[in-house]
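Each remark here refers to the structure printed beneath this line.
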């Protein structure tokens, strides 16, 4: 099968980790790794892998509209709002890893196929990728889900300045995703940054208040969902539960990252990248089936 | 020498930890009236972990933030109304804006001791809203004195007008407090405050060490009502400060009355240093973990002391209460495999 | 049988390590990455293999160096070991092994005598090497501590009456003077240490070495004592610039290696420590000691005796390190000089 050409916009740690993952993919080929500074560690890594690099930012895509069919945007929310106009005009599908939330929220283990017709999907948040599938399983199997709460702990070292400055947006977006996928009337998201050395793995606890918790009913779907997530995030596992403690359903999961470019403890960053790749590969397979030629529908 | 000490009273906030966040509006009203009459400068109210923290993770409060704040506001005429805010739990949009609408005067924005940069936006917002804005560093024993000073300096640069560091595990001895206050005084241009916990019986002694080293703000609560073994006991604190020649502006008799009212109306069992609190202090785990550790240990049939030491070994911080279940479950499994 | 050189090093190191095993126990079963294959890199490697061979520490050692010249010419024995890996890497583009627990950054872009003829390399190399090491360290999952080697020169030139320079004796340097480029670059490197420690949450300890001495140093090192030795080795009079009253101090390589390992394993992130010999000696005394180790009579000449020559003193106060780590014994200056001379004699042929 011919690989689909994809570009990465943003050469920071997230973009570079995506690059390493794409390098391994059977369906995707990174045709351009785009940033601002050719000497940044990410750019050097790309060159080492023999990937084409550009320091022109979005202008590279504007000037080379045929260079890719899909782009991963790992810049910032503000930048993505500008970039999205270009993607739309050039009919390029966008996977948005910023908190811009322009497109519908995408959690591959839950709504992969629903997203195939979208031209811009948003990867929610790391806590959202880790928790919404569990919340979804609870929502599907339990009666009257009144409240879902998600607490994530991540290693302090894995949270850069942007994550720190956008803590409130993280909380709001995660709460919105939980509501959407679980159907709960009320949701709450909490994030803790733990500075312990060596770093802790990302851990997330999902708690739910439902009418007459039924763990046996939850288990089959939960297992299926976890299995689905593990197909793209191998380091995802349940460490506690499902159990009922103090009248609420409790599930704790841990995410050990693949350690591609980012360290393994940064499971929070890995899970969002893995989800983005899973989505992109699904597009690639879908387009191949449809006979989507590489420049079909492009405005040139 | 500055002989004036500003006393801030978290009875209705930290005390909530001791009763699983079940202080009622009626109780809040009663204590606020008494505290106001005694001239306590700042009265803090809220869920134990501050506004927006009512949750399954930390315990659900019996009344909403709105009711707490509106009730307190109605009953505080002279005292300022304070709140505790932890970014990661509370957001500006959901919690801070509303708190301001309900009439808070003092906003204390807190983070784990190593993570001051999380408070930037909240401090800036509170400051721009014209509120008296504090930076608070919790679990401060988990960072070196130099590191604490660096984080405090960040809060000052964001616009904090005072800096309080908390001994959230009740782990300090007086010399530890002295060293930290001196460091903070060296680098900061804003007043320094200290919030003591009493796990090792050092609540008052540590507070005294703080003022002697130059701190000018102290937290104290009625009968020490607070998480775990409780805080510095406000009525003792005020009396001790008076003997030492410091002014607090508080009417001692009326304060004693307020504390008697608190004991009669709010505090179901007076804070004492229980065995488990000592372990909490030694292991350096947040005092507020006491209730959930007791509950979960019982469910999993494990020794709560083992749970505390294991949490301490893992360097679990305040807010990570969900790890209690994991640790208890693991200890239970280990015990099972040994029998 | 002729005793091997590495056995001599081990004899120097072993008693120092033995009395200090408790402080070093965290290093057991760890992976230590050393950036820089100069004097410090080699001595620390020797200390680590001694811990492995004598005390079963089971440490994996990875040494990164630009050319590997020093190892290949002087420390072949390291290359045949299974616990030692060496890779040729430019520290300005360093990629640290993923399993690293401890990092010792001891790379210097130019040898001391080239610092003023290649100041661009000195300045940019220090900055880029430091940034690159820390950027790479951010990706390490099992990182426990980084020891960054700064320099005793960051304190700036001190008045002669400062008998010992302690960790807070800062005098500011004039940054517009060529001879200050190295020390100013090291000061900037310390600013990088603070930045990465705070923002990137990397555990970083700073060591500020003063003059060190011992095998693995060349007699061409442009320090007073080394030129005395060079003079003596060439059987010519020792020339002292000035009246011989300036004061220096030298810490022997084995002591320095053990001190660095203490900081690596137990040093608290955010702390800085002077590393050097707190016992100063006058240059004239140093010259006399050197001359004593040669059979032929070596003359000592005081050059340019005159009022315009400034007397200087460069001696660290190391009480902070010594008290915290309870290390009070060190190799005597006589012994240090003797061991250095013996090594230089043996390796004269190898000296480049």
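We just call them A, B and C in the order they show up, numbering each chain from 1.
Note that in this section contacts are C-beta pairs under 8 Å (C-beta built on N, C-alpha and C of every residue); 3 or more make two chains touch, one makes a residue touch a chain.
This structure is a prediction, so every number in the text was calculated from the model and none was measured.
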Contact distance in steps, from subunit A to subunit B: 1
Remotest chain, subunit A as reference, centres from CA atoms: C
Of A-C and B-C, pair with higher C-beta contact tally: A-C
Centre-of-Cα separation between subunit B and subunit A, whole angstrom: 36
Rounded Å distance, subunit A centre to subunit C centre (Cα mean): 47
Shared interface positions of subunit A, touching two or more other chains: 156, 161, 195
Where subunit B touches two or more other chains at once, by residue number: 114, 117
Overlap residues in subunit C, where contacts from two or more other chains coincide: 199, 201
Residues of subunit A defined as touching subunit B within the complex: 147, 149, 151, 153, 156, 161, 164-165, 167-168, 171-172, 188, 190-196, 200, 203, 205, 207, 209, 239-240, 245-246, 248, 250, 252
In the complex, subunit B residues that touch subunit A: 55-57, 87-89, 91-94, 112, 114-115, 117-118, 120-121, 142, 295-296, 299, 314-317, 319-323, 325-326, 329
Residue numbers on subunit C that touch subunit B, as the complex places them: 198-199, 201, 268-271
List of subunit B residues in touch with subunit C within their complex: 114, 117, 144, 146-147, 150
In the complex with subunit C, residue positions of subunit A that touch it: 41, 44, 156-157, 161, 195, 197-199, 259, 261-265
